[in-house]
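Each chain carries a letter (A, B, C and D) given by its place in the written order, and its residues are counted from 1.
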């Protein structure tokens, strides 16, 4: 059931034709998928790591899933936290992947906004239009000149 | 009173003619409004969810509002936190909406700054001016050529 | 001593001729100054607000300053936190100003990086050079044409 | 062993010919290296600072390293925190360096995404191509005009 959910999430976020999508959408979508996988696997790994530790408070999967959410969002209430070496390694991975994902989403949003603003002011479009208009006008002047020359140099 | 406040906030942030505003302002303003609504409703929802739980510490609306502020900003002192399944679902929503809002505000600020820098260097403006100037000069050369031809090919 | 330090910080960050600096530098610098002022004043305000509260843990200025640092950076260990209404209002202000400042600094860094990349690829510069070169070449062609016409239509 | 690891990390992130790399990659890579150094040195410094304090909980290097990770990522569970003045100064440095690094990485990602989007739409490239094409067409018109004039003004 879990792999099915993941496959669907990957398809939703990246699409079947994901290779044609712009880099920032693929990066933000891919990072979100990686974050969800890291949180789901990390919750399981942290329980395995904490098993048998004296003051372990991460003792069941639902608790560990809640811990991975508050860790990845960097809230960190302190109601649950790893106390063993490998548990803390898992925690560090969840933290770093979480922060990197928010950075990617923020950067992707900025890229989307900047692109929309540039379209809105139609900077490139304007430049194109102006250039093509100028070129057309100059060609018309050449046509007129050539007509003048063929008339002037014709059977006069 | 609350809906009145919200209506005013929406008007302030999005304006009556919000559809003409650039995307990044609408996105950042809209996300801020959604965050405020999620925090106000989440504070109420978390109390309902936590009611009757043995070790519940979120027991009144003012406490829950303070909890939603420190959760949305990802500070998370740990003085208040949900202990039930649905309370934690509400908490996860507040966290994710909070982080996404800061991402949107940061991205909107970046778009604003980048736009101001491009205006400052007047990149597009310069290119336009230069192009129009060049076109005008070339048209003047054509006028001069045509005057030369009509004189040369006239009653000589 | 404190106002002297603040005046110097404002001068260092904004400069005497701050009005000529680009918006993103002024915004990031100004937000940093506002954050430092909010943290220094907030540390004092939170002690005043917490005075007399039964379970208050923010009882001295050094403690409150450390609390304002871990609050503004959204670390929030939970070793210190406000327990009164006005103390929490001060806390909320410190959190929001802190987050907004990091958003402004991140956006200013992005603007700086984007500007440097565009200079590096010399997009605008290239376009200018190409346009001027084309215009010069076309003017030379006109000069040659006119010389041909004046020779051809001269005393032949 | 530690300096060797650091030298390798610097080489990996900045490269031997780091001066030719774009600013945003150097800034994000450099900030990451500085963050790792600050975390490794800060873990040692905070133990020295906390030594002998009555309620100190940062008592060994592994604990302090875990504390520096959760501090730099702004998670802050509250299982470990400094209680002395100099320990808190070290903590503040780790926090500020951590946040600045994430800001730099986010800004570098945004710059990378924006650059890729601009390449994708080939704004600058298009403008160049169009300009060169226009210039070539106008030169051909001049060639044709000159041939007409030399024929017309030749042995007629």
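Going forward, a residue touches a chain if its C-beta (ideal position, glycine included) is under 8 Å from a C-beta of that chain, and two chains touch if they have at least 3 such contacts.
Values in this document were obtained by computation on a predicted structure and should not be read as measured data.
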item	value
Counterpart interface for A-D, drawn from C-D, B-D or A-C and sharing over half of its contact pairs	C-D
Same-site or different-site touching of subunit A by its copy subunit B, using the half cut	different
Superposition of subunit B upon subunit C: rotation angle, C-alpha, nearest 5 degrees	90
Gap in Å, rounded to a whole number, between the CA centres of subunit B and subunit A	17
Distance between chain centroids, defined by C-alpha means - subunit B, subunit D (Å)	24
Touching two or more other chains - residue numbers and ranges from subunit D	74-78, 102, 106-107, 110, 114, 123, 127, 131, 134, 138, 145, 149, 152
Subunit A - residues contacting subunit D, complex	22-24, 27, 71, 74-78, 81, 83, 85, 88, 91-92, 95-96, 98-100, 102-104, 106-108, 110-111, 114-115, 123-124, 127-128, 131-132, 134-135, 138-139, 142, 145-146, 149-150, 152-153
Residues on subunit B engaged by subunit C in the complex (per definition of touch)	62, 66, 69-70, 73-79, 102, 105-107, 109-110, 112-114, 116-117, 120-121, 123, 126-127, 130-131, 134, 137-138, 141, 144-145, 148-149, 151-152, 156
Subunit D-facing residues of subunit B, complex	74, 76-78, 106-107, 110
